[in-house]
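One chain, subunit A, links the two complexes that follow: it is found with subunit B in the first and with subunit C in the second.
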Partner chain A sequence: MENLPKSMLFVLRQGPHQTPQAREAFDILLMASSFANKISLLFLSDGLFQLIKQQDTTLLAIQNFTSAYKALTLYDINNVYVAKDDLLARGLTEADLILATTLLDDIEISALIAQHDIILNY
Partner chain B sequence: MNFTILITAPVFDSQGAYSAYQFAKNVFAKSHSIEQIFFYNAGVYNANRFIAPPSDELNLVQLWQMLAKQYSIKLHLCVAAAQRRGVIEKNLADGFSITGLGQLIEAINASDRFIVFN
Partner chain C sequence: MLHIINKSPFISLALKDCLRFAGNTDAILLIEDGVYAALETYMSKHLIPLNLNQLTIYALNEDIYARGLIDRISSKINIIDYPGFVDLTLTNNPIQTWS
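Take a look at the complex of A and B:
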């Protein structure tokens, strides 16, 4: 009964490279996937910039962890959600994103949060 | 309720870590328990034993140590995050232990509630 893997929703709100927060959050989700936790990702606000295609961090002298989002299915992570309004507000479309996502409105986001045991707010 | 608390905010430079401390204290005041407190990102600075504010200011490192002792709770750090920020065994404050993200996930799976302080 005890210690069953919990379902986790990562709420990712921060841009990819200004601070290491996003990259270190990504390390948590990789670890969680190895524990068979069911994982979903929700990108809100500037967190959307983590999903932009063809990022090049050479001039920043840091690794570009965002390219690993392409490989999420290898880790059995198939539930990736994006706030529709936040996408539009940043002048982006689904074609700008590195992987297929599901667009959600505010009401659907509330429902998504309610469906998970654990919310990891980053 | 049994809680796991994740702290990503540094000591002194942000209010997040002290908010986490106040929350943790009140978890016990309300007769709940804490499975684990995990320090990650810049939160690992909370475990630097050389943090030495003036005596009339808050010393959060000491407060964490007293809380851990009083309630026998675990204060864990992620080794990768800590090494990147120069928090290693040499300057690790008593009561903290350097572990890994696996410990965090295990604690999350073992607790009723999980909360992040950024």
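Take a look at the complex of A and C:
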């Protein structure tokens, strides 16, 4: 199929459990992985709280969709980026995250956004 | 008086606005995304320098666990569960929710 978009970037800026938005974005990116050639994820601001380890929603009686982020490689999604400054501001390090990510500074993030064909914000 | 905060301090001014007006002996309860303010880094950078020694800060256990924060929160935080939440609403008057 010639008309497939070359690349798609999901910009994820919401915390995981306050609103359904983060969960919806996750469902959409899995769906998109079946037709887009290349998908990248960029976690900014409170979005990176989605990746924090040890999330246990048992007491809230809701499903913890964030553990499914560990399975992203099964969907051929290997490009996961995190804003370095936002991670530092929250006192977190790469060791606090459930999957391997690439840390980017703001200049690198500008370049990353500019090189994608489609940008989706959640 | 009890102040309830349910927004992340990284994207909302709810907690900062609350702290402008909170009295010395008031209690602050962090729930939902408000519990991100209980992070050790946030507390030591933004709250402890304010010398709010009399102010008691509580955070809801259920929301702390859901967000994976149990090993990452400040020792200044008093962790309570839902029955504790109810107790706070009974022993404090008035209650303001800074949503």
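Criterion: the second predicted complex is superposed on the first by the 116 of 122 C-alpha atoms of A that agree within 3 Å, B and C clash if a C-alpha of one lies under 4 Å from a C-alpha of the other, contacts with A are read in each partner's own complex, and residues count from 1 in each chain.
One rule holds for everything that comes next: contacts are C-beta pairs under 8 Å (C-beta built on N, C-alpha and C of every residue); 3 or more make two chains touch, one makes a residue touch a chain.
Source: prediction; values computed, not measured.
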item: Fit or clash - subunit C, subunit B, common subunit A; value: fit
item: Touching partner for A:Asn64 - first (subunit B), second (subunit C), both, neither; value: second
item: Subunit A as apex of subunit B and subunit C, Cα-centre angle in degrees (nearest 10); value: 90
item: Shortest CA-CA distance between subunit B and subunit C [superposed frame, angstrom]; value: 15
item: Contact set on subunit A toward subunit C in their complex; value: 15-18, 45-46, 49, 52-60, 62, 64, 89-92, 96
item: Interface residues, subunit C side, partner subunit A - complex; value: 6, 8, 10-11, 32-33, 36, 39-42, 61-63, 65-72
item: List of subunit B residues in touch with subunit A within their complex; value: 6, 8, 40-41, 80-81, 84, 100-102, 104-106, 108-110, 114, 116, 118
item: List of subunit A residues in touch with subunit B within their complex; value: 2-6, 8, 20-21, 24, 27-28, 31-32, 34-35, 37, 118-122
